[in-house]
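Chain naming follows the written order as A, B, C, D, E and F, and within any one chain the residues start at number 1.
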């Protein structure tokens, strides 16, 4: 009963000290490794979000950049925005390297050098990334009868957001940068509902329409000119288990999709199977075996209707 | 090899100039049309986001507006917020008109007049939009056993966010405003996972429960009192192709759903078919043909279970 | 025709007064109850968003908190952040209590006392919530072959975001706080595509992979060590209807999932059925009946392939 | 010597706990009264800053308000901005009343009622405040040969900022609101270098040019049409001392300046003296005695010049 | 008496409507001219503040710009920041031109062209402005024994802020841009206490130490190498009056200060007099007549001291 | 002539490239030293501003901190805010050390260690700083008949802001931290008009009333219980010149003011003179010689009045 307590005593904070102590105990019992010695700053999701927005603006300045761009000032904008993105990315790469290192001193100058080197290589890759993304945009424009212009694709298509994030994340992944590619993939997943593992290999002219619920696994390999619709899964059929019962990590376990394949909404493709070039996989199809090039796979339809 | 380079030289920016040049080349080779002459400001996604939030607050001020509203100040709030929303929308409409025009001078006063006119017509439509949205809210409250009040629907239901965005986007679409309706639809898609093309025609008392993965296509027509669950697709079965291989744009290709139909989670309805009044379409059903009024369509269930 | 009007007269605001009046009429006709008397501030979604972020930082400060945390300052950070979260939460709880009360004076001191009491109880629950969440994190790390560390799970997994939000929302739900649990659930739904009703009961070591499209209903009961994949529905089969045609609210109508069950992507489990301990439900399975412990339920696969 | 300490141990936070403890001791020894019982929120300088900006926008909406104001929307803007300002001010008034009360419970409903009452009275006074401020603006325009328009005065004159703040602060002072008038005066002092005690009585058509260093004391009385320049002091000559050695508070001790007086830069006027109507006080004059109406007081000039 | 009123009725907003009406009447009676026809957006003080900060960063990028600047990225930064500043300034110049025009249509394209032209000319002047400012910085470094580096002058000296603002404001003034120069001057005045009319002519190597209270009038002319201390006034002695009693505007009425003059704190120099080259004016001197080159003017000191 | 140019071509950016080049030339010719090699981040004024605000909140949490502080949470707030302030200050100290070093590598770990050490020493000094500041607050409360409480002094007195900044800046100065003390002093100067060199030595119970225009020089020494009014200068009489014509830096050249001295508004005290204990210096007095303890120095008053 509360009736006896002093009305002036704000019960709100009465247990604050105790809760803080119990949380410390909880951390200490479960999380023993980190923070004994020096401070280890983790990569920041917000920072990565801003970096990807800056890189997107560098790649497509008239659509994602400032509204007043013109031939006379666009290179200044691109150079300055890129410069800011690289400074910030280099710091996040440093943190990611430190995060994945076992016993590194955070003030180790070598980490800074390595982070700068990886970041500069990433910058080098941007013009090629842009070229591939342009092929993706054209694929979207040509693949959706509702699309009225490339600009509409850039501004309004979640599939466009997803592929830009993926190509950036994948470039960092291939450079060996830890953690950041996953952060970028999850940022895209959160805003689009499209979940592409950064390690997935995807050819150019790739288009995902609508997209919510699409999942593309870590070891998937996708050719050129592939088109997916919402809720398509390119997943693993089963997970190999180690002798000790733990899941084996890193084994190829996701599909290979060859060039010019179309996979309609809701199709589930599982395991290290190959969908041959030019095949069409129908909506809701459940596929766990190879199909030869040029196949049409559709779900057998069985519904029962009862009338009035 | 890095060993010879001056440790003071931050490699981070060494290739900055070159990357900027290569990006310029990439833009010039792929993107020839825009920005030769004057500056064309594109519509802004952030601006549209804020406009929709302001319009939502105008429509439901006690739920989406300031917390201190009262009979004595609510009209001032509504009038001022609407006024700000219209100023900002008029500018976005101007940009959208300019964007879709072929060779328009951005300082053309006629565009401003047209944008003001379209924006004022949009304002005119708001009370009617509100009336339809109120029917949608009641449909949600009555359609979900977990809903405890209309306010809870307004504050917590993604289907509510989706339908408010859609009715705003559709009103702009019907006025002939380019691009902005798609932007609004994609903003709603990103936050709810519900993807409704702004051109879709939807009757009142409409409710989508849970909603993630719902797709409603450009030419879909939905009657009154319809209820959808998550992952329902009202899509196109196939895309007509032009003689030149390009997809034909704008052809009616999505379903007609008559009054009082319920479609359960995961159902896929494809093509210009009609679902008759009062029908129920079961979960996961794959439907590509007309069904008469009052039908119950359910998936034939086939699962194989193996026990211990 | 516009040709006669004064070009100086901005038509933009010509109908502002009239639209404001018609919106007021619309509010008055549909929304009679609220705001006759005093001001009732509704709970704020943005405030709840910040509160959940602060509570997440309190639970996992080195991952969601400030980057400079260290043994020497971490308790100050946790205590101060928790203190700010509790102050803000107490105000939201007060609003929620007022919102659900019928005829309460907003300045009623008793509401403040009750809000403080409920908020302090919530604080008490945090160490236990943390312990359960740690079990969830280990389940994620062990359940996904692509996961490389617990930190990666905390930073990059939408399933992690969803379960943190759920455990916070559920704690408030069990304390009897109205509305706020739903707000928290919808905030998580919007960012992850995972829709868990705050009333759902979920045991520890729970993991959702990918997650987009998952729906877990109000009366679902989930045991320990359960793993779900994207687009799994634990839903109601049908809704009991009252004599007056309204849906009955609050009846147990969602599945019971026993310990150590795995449910693969796209499976739909409907009604108050029980999935026995240790069972595996395959992808896309449609399940509406009990299955005994140790079962393997898989979809009968029927696809028709036509080749070149 | 640093060489022995562990390089991983960040000395930065080593003494954090001890410093926090010593600060607590310092607070406890010097500041015994407050915060034993409940929380007393102090008025917020930032909140008062925003309130004065909102009230300024209410008074002169086309200069200090939104840029898109027009006959059709200006009253909505004024009403909504005023409404927001009053809500916020009422809360600050409540805090100020609580602050000055001896043993008040912060949740005492009577304080809220009194704060609402005072705030509504302040609102009532605004049209009259505006009328006086308009006279001040005309005085500035006519009094400065460099002024080109009333708008320039509103946008660019620190004397205008100072008098708007003063008339707002003085209205609250006359209503008996504690502390807030001083906060407003100091906000103006900080941005203009003009220090007017909120209790000072100032007639209409008042103008301060340049203004830096002007000081007008608590009990000063200034007539109509008075003009001051920078660094003018209307101060106290001496401070009466109580029997116990403390300064006596509240005694009239600052000058009376009658109508149409001009006081040039750097003049110092001290004590409860009267400067008669229409007098001119020259730059740098030091004045501690009454002067009759129509006087010209100038400094005797004495400089010694030594040439090359 | 309040005892009878409904406690639920928040008196706070009871008079809102009436106050809004009375404010409208007040505006209509005093402020007849503006806003009858179209909307006239006034220049924005906040926008000018940001523009001056951007221009300062363009002039001294390593001190006022981003912290990561380096040979490889500095020109991108300068070009992009300048480009943003010019876009924003062009809009403010357009508003200022419209503001000073009598009956101009705000959509008049000619105003845009004129604003662009004036803004581009301002850009042209920036390298020369920078050269003069560098001379000012060296003068500060050499003139203050407490200064330890040029960087300290740039970061910590209010005189440096004041002269940068003045040289920018004066360049716009000489181009004939209305209002904006005054806004810039008042922004500097507010942050430094130094009040320089934008029309004042100031030679290079100019330094103001401490600075609070300095006033330099509209028609003042200052040579090279002049040094001022706090509270120096270069003002008008009297204001010529027109036949109708109004002050004559624009007449030369402030001092001419020749090269290499030093004026110590608190000196007041009034009227169109000339201080000859190389003269020194002592602290607190009151000077209203010409002094020949090389003079030393000091105040005759008269103080009376009474001891214990 | 403009008539020939393409109206579409925005002249606004035509000279952008050229201006950027000329600015680069200007930088290269005048500013040769910096930025040849690595990036040197300068201390940030904004960062120092935030640090001083955080430290002020640490010292007086109930006045400058969060509004919800209470016995139960105040130490968490103080510890967390202090921790954040120290992290940020350590980085600024590192930059300041680097800035003042001649040829230091910015990645030199030794600088980090030294910065951490100096920052921790600064933290150590905070309780003593607080004790002195409390004496200053009491001096203000007792010295101004208009002050109604210590809280009013903390919230509304510019002299309070100035002395808090000074005592922080002076502590850093005595630790040998370069540049940052000057930045803090100038931040206070900008908001209060009070300019105290961070090297000035000031005893406890110090109070400045009104304050605009006060200047206290680098080598001034002020005893206990001293009170100053606005526009008082404690300055240098003349600047010793080196053989090469440069000013000698660092020589004692400002006054010594002994305990319990009062100096009224506008007094100018110049040179290494001593004002004896308990003396009173009148307003506008010009003082350049020693005065013995207990003196009263007042200006001989000479004004000429001409009446009607």
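As a working rule, a contact is a pair of C-beta atoms (placed from the backbone, for glycine too) under 8 Å apart; a residue touches a chain by one contact, two chains touch by 3 or more.
Predicted model only: the values in this text are computed from it and were never measured.
The minimum number of touch steps linking chain E to chain F comes to 1. Of the two chain pairs considered here, C-D and A-E, the higher C-beta contact count falls to A-E.
Which listed pair repeats E-F comes down to matching contact pairs by residue number; over half match for D-F among A-E, C-D or D-F. Mean C-alpha positions place chain C and chain F at a centre distance of 51 Å. Averaged C-alpha coordinates give centres for chain A and chain F that are 49 Å from one another.
Averaged C-alpha coordinates give centres for chain A and chain D that are 55 Å from one another. Residues of chain E in contact with at least two other chains: 7, 10, 13-14, 16-17, 20, 38-39, 68, 70, 72-73, 75-76, 78-79, 82-83, 87, 193, 212-213, 231, 266, 284, 299, 302.
Contact residues on chain F toward chain C in their complex (touch as defined above): 66, 68, 72-73, 75-84, 87.
Residues of chain A that touch chain F in their complex: 10, 13-14, 16-17, 20, 70, 72-73, 76, 107, 109, 112.
Interface of chain B with chain C (complex): residues 58-59, 61-63, 67-71, 74-75, 78-79, 82-83, 86-87, 90, 113, 116-117, 119-120, 123-124, 126-127, 130-131, 134, 142-146, 148, 151-152, 155-158, 191-193, 210, 212-213, 230-231, 265-266, 283-284, 299, 301-308. Against chain A, in their complex, chain B makes its touches with residues 2, 7, 10-17, 19-20, 22-27, 30-31, 34-36, 38-39, 41-45, 99, 178-179, 182-183, 185-186, 189-190, 193, 195, 197, 212-213, 215, 217-218, 231, 233, 235-236, 239, 246-251, 253, 266, 268, 270, 282, 284-288, 291-300, 302.
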